[in-house]
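Labels run A, B, C, D and E following the written order; every chain starts at residue 1.
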Amino acid sequence: MPMITIDNVSKWYNPTFQVLKNCTTSVDKGEVVVVCGPSGSGKSTLIKTVNALEPVQEGTITVDGLSVTTMKKDLPKLRSRVGMVFQHFELFPHLRIVENLCLGQTKVLGRSEDSARAKAMKMLERVGLTAHAEKYPGQLSGGQQQRVAIARALVMDPICMLFDEPTSALDPEMINEVLDVMVELAKEGMTMMVVTHEMGFAKKVANRVIFMDAGEIVEDAQKDDFFGSPRSERAQQFLSKILAH
Amino acid sequence: QELTGTLKKIKDTGAITIGFRDSSVPFSYLDDNQKPIGFAMDICYKIVDAVKADLKLDKLEVKLNPVTSATRIPLIANGTVDLECGSTTNNADRQKQVAFTNTHFLTASRFVSKKASKLNSIDDLKGKSVVSTSGTTNIKQLTEANAARNLGINVIAAKDHAEAFLMVETDRAVAFVMDDILLASLAAGSKDPTGYVISKDAFSKPEPYGIMLRKDDAPFKKVVDGATAALYTSPEGAKLYDKWFMAKIPPKGLNLNVPMGAEQKKSFAKPSDSADPDAYAM
Amino acid sequence: MAQPLHGLLTRALAAGGYVNYNWNWGIFWEQTPEATGTYFSTLMSGLGVTIMLALCAWTIAFVIGSFIGIIRTLPSKWPVRLGNAYIEMFRNIPLLVQLFIWFFVVPELLPQELGAWVKQLRNGPFYTAMIGLGLYMSSRVATQVSAGINSLPKGQRMAGTAIGLTTVQTYRYILLPLAYRVIFPPLTSEFLNTIKNTAVALTIGVLELTARARSMQEFSFQVFEAFTAATVIYLALSAVVTIGMRYAEQRLVIPGFNGGKA
Amino acid sequence: MFSDFDFNVIWRSLPYLFEQGMTFTLTLTVIATIGGLILGTFVALMRLSSNVALSTFAASYVNLMRSLPLVLVIFLFYFLMPYIGQWIMRADQPVQVGAYSSTIITFTLFEAAYFSEIMRAGIQSIPRGQVMAGYAIGLNYREVMRHVVLPQAFRNMLPVIFTQTIVLFQDTSLVYVLSITDFLGAASKVAQRDGRLTEMYLFAAVVYFTICFTASFFVKRLQKRISIIR
Amino acid sequence: MPMITIDNVSKWYNPTFQVLKNCTTSVDKGEVVVVCGPSGSGKSTLIKTVNALEPVQEGTITVDGLSVTTMKKDLPKLRSRVGMVFQHFELFPHLRIVENLCLGQTKVLGRSEDSARAKAMKMLERVGLTAHAEKYPGQLSGGQQQRVAIARALVMDPICMLFDEPTSALDPEMINEVLDVMVELAKEGMTMMVVTHEMGFAKKVANRVIFMDAGEIVEDAQKDDFFGSPRSERAQQFLSKILAH
């Protein structure tokens, strides 16, 4: 049963510039899909359309059976059930770590301060940051911040998670502490859509790989097929460039 | 002999600077071509001629510099302006910073109001808003009277005469305290000349107007005093008076119709630079 | 301040043996012609008006400016246009002209009775200056507020939206607390500008500090004493405000957050 | 109210308003902008210099100017300038400084403080790496400033500089307090002579608005153009 | 014969914070030395001291036999002989590509416009960017900009080259086009000191690897020794983190 379906989606930034061209794909429950492709190919845009952070002009997107593209009123509720992790973490710098984790729970889900806090601490423990609960985001390293960002998504009990290049703003040393958390998540059966260039991660946990170029989904293949023999020339080129040295 | 002070400067630079007012009708104001004209301006040009003759110059450039009530005294003091030609009251306080030549006009401080508001005496102003021009002796007299008689007047200071008059015109203030001659010309030039009345009640005795120059500059003052005395005592003095007070004046062809009073006649017959109003009393 | 300036002037005057200015620093303790107190006390009352006017105008500027600034960052078109029009309106006409219009023109355009009431208001010039200055500064505050919100990483708004916050909640809990911190320094200088701009109100007859200094000069003819005093008072005032704001700013610092650009 | 509006007075005084008033206003704006920018750049460089005396002097100057209301400075300088001139030139009398030169000097000195802050921000906005890169290819301090930092700082700040110029253009209206014939001064002189304050002030507002609005429109266009080049 | 010697160098940023602690090493003529280590360990600072972009408080540094640390007057001349490439390219955005390459030649070396231009074009050809000579830096991709930056250093005929994380600001796809140019340079015998996390590059061309931590040179070893069995625990940890996924 598909958790996310993207059906014939097109998007223009202004009347002349089309970022997404008839994109169609889906992500099954429990599946991990990696999206890759050259810079500017529309990966971030595609993933943001899934919880309607970017509106689309054509096509439909559904999450858990609900149409994201036509819904208006219950969008906030729906979004709270789709976890999202950004390239630059986007923690709220004026709130303590634990407050970052509580904000959505209390304001959106209407949980009590206490239960939100308890849940937050549990999640911090899971990403190994209990000790930093009372610090501000600026006092943590990049890797730690990104782990908090993942925790912030998880406290909302999401039905699926979206990641937009979660490691590309990190120092090389910190990439792995984040990837480890993601691998863990995947193993637990979380449905995930991940934009990343970390081919190691893709090889390890992805079920499928989507390759985008110039707004189109050029290739949508099982992991082994993709790394074994990408069909399109553009994907071959891309892989060779990324994996060379 | 060795020239000093202003005369030396005029000789060195070949120029003299006259400070003028832009709306002191008919003493010093701008005509349609934005050229300063008026009674005091004419007097100043006579002074310039005398200075030119005294220094035996072929050519003397006259520079014109606008002044306001607030800027005229500092500008005389700091040398920007050599002669201030307007409607400046000569009084003892001012003589601490500047000097005056012979008196060219005498006027008392009164107020103008709309006929409709039926204000006759100073006491009628009690508790009302009254405007005057900032930097004038009139606003000083108004505040003094306000304090002395405990009138509770709300004193408003306007930048210049026209703005002050506008406040009366638009009912922001019920009255405008100013030298009566200026009030007369403002009322005459207004949209509704018959709608205004000038009080009989005065804040002061008739006080002298003088042309200002720097103090402690005896040689220059001597030339200026000489020139003004010569003008006032000659028939030309009276003719000049009539030109500005008894005939139509530019730009709108207004006639102020203020005949020469007794004090005025006396001050022309016996030119004096005294700041004391009593010196001019009949 | 007073001493070096005095020294400079006295030396300048003495150099030529051409003394035409009487120094009199004791002037501040002399009575004014109004007999309402000393010159010093009138300067102080001018300072009072300056502070009062600045605070009132600033309140107006801050409230309206924030509102306009916020609507200019909304995703829909019309609020943005409205906000832009407001800002263009108030920032493209000199403050002086705006005050003239508020003072001389607007009451004439009101219905007769209302206009008359407005004109008879006892502190008319003060209220006029308060509104005129407040609205003028509000356009600048609005620009700062929008700039502050826009300077935040785009991802902050997205992150708020992504955890399910509504637009109002996103502004209330995330964007505004951050934006006001980011624009705290420029807002401080806009507040200082408000204080300085109160001086323009002298043209419609508000007896604030500069007007007091000017009228002291007009009454006593002690030009430089009067303006030196005003200069010193303004410097002291802005020093106090600057120090106070710096203190407040330090208290608002978020550990590890370095301003707008993350 | 508008029924007895006298538009004729505007029409009649147009030549005066523009030939004298606006000419002065624009001259003052242009000279004070150019002068203030040059002076301000030097002040900014002084302020950023490692020489403590220089930077303290520059900082004090900027802070002094920025703490005072322009109206006060206009009054003060108008009265003070001749004495300063006398002091500088060691003349035996205050040097005569006309209203025209006095306001130009005042505005230049005053605006220099504001432009210096703009230029300082501009210089500081250039990434340190740019300066490093300049030094790394062997340029010296002056060359780095001349060829790398200042051209970029100036270009980055151009919109802000123009915006400040528009502010300056509006501020020139304050010389009105000295009864100098700038545009507003001219308008108010006509207004007062003919008792037509309402008409003239509204007209002045329209003129200022039109000019400033048009100017800031072009500044915005310029901003877009420049941000594409980068 | 050492081209660069760094002898007992210490540096403080303010009286309390020491960034470099008694660093000693040297780079021989024709040698390629890779510097690596965790973020904030002082790699960039160390490499910048070599052409006196950062002053040091203690120790001496010589380049080609001339002391950098004591010299004052001829620093610009010396710097012009040491090529430097930065993480963020630092091309001059207000100058065209070819002007970027000519500035140093004309102002520092005193070459004529024409000869500087000729040299610039030759160098652009070498990095494969002849077609872009008249563009502005902002119109090129990151990889292209970094190649221009290398060319800008090369036109000065440097005796050695310093690189500070030349690929870490690049999209994954573009990393290799820059590394290729660097490999080429190394093969031609250029003396190079390179701060990088690209271990593939290090393995391929480095003679030696220096590992820094907290301002100290913890390890300074031949390439094979370093990758084979790093002596210090810190370096082992670091390598394991970097090379994991």
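Definition applied: contacts are C-beta pairs under 8 Å (C-beta built on N, C-alpha and C of every residue); 3 or more make two chains touch, one makes a residue touch a chain.
The structure presented is a predicted model; accordingly, all values stated were derived computationally and were not measured.
Asks: Starting from the defined contact criterion, work out which chains touch chain B and chain C both, please.
Replies: D
Asks: Please flag the chain sitting at the greatest distance from chain A, going by CA centroids.
Replies: The chain farthest from chain A, judged by C-alpha centres, is B.
Asks: Could you find the two chains linked by the most C-beta contact pairs?
Replies: C-D
Asks: Could you please state the distance in Å, as a whole number, between where the Cα atoms of chain C are centred and where those of chain E are centred?
Replies: Here the centre of chain E sits 51 Å away from the centre of chain C.
Asks: Please report how many Å separate the Cα centroid of chain A from that of chain E, as a whole number.
Replies: Each chain reduced to its C-alpha mean, chain A and chain E end up 36 Å apart.
Asks: Counting only Cα atoms for the centres, state how far chain B is from chain E in Å.
Replies: 80
Asks: Please list all residues of chain B that touch 2 or more other chains.
Replies: 5, 70, 74, 77, 159, 166
Asks: Could you tell me which residues belong to chain C and also touch two or more other chains?
Replies: 18, 104, 108, 203, 214, 223
Asks: Among the residues of chain D, which ones contact at least 2 other chains?
Replies: 75, 79-80, 83, 86, 93-94, 177, 197
Asks: Going by the touch rule stated at the top, which chains touch which?
Replies: Result of the pairwise touch check is A-C, A-E, B-C, B-D, C-D, D-E.
Asks: Which residues of chain D touch chain C in their complex?
Replies: Chain D reaches chain C through residues 1, 64, 66-72, 75-76, 79-80, 83-84, 86-87, 90-94, 166, 170-171, 173-174, 176-177, 184, 197-198, 201-202, 204-205, 208-209, 212-213, 216.
Asks: In their complex, what parts of chain E are in touch with chain D?
Replies: 48, 51, 53, 76-84, 86-88, 90-94, 103-104, 107-109, 136, 138, 152-153, 156
Asks: Using the touch rule from the top, collect the residues of chain A that touch chain E in their complex.
Replies: Its residues touching chain E are 38-39, 171-173, 175-176, 179, 197-198, 200-201, 204, 238, 241-242, 244-245.
Asks: Chain A touches which residues of chain C in the complex?
Replies: Answer in residue numbers: 153, 155-156, 158-166, 169, 173-174, 177-178, 181, 254-258, 262.
Asks: Which part of chain C faces chain B closely enough to touch in the complex?
Replies: 18-22, 33-36, 104, 107-108, 116, 119-120, 122, 124-125, 203, 205, 207, 211, 214-215, 217-221, 223
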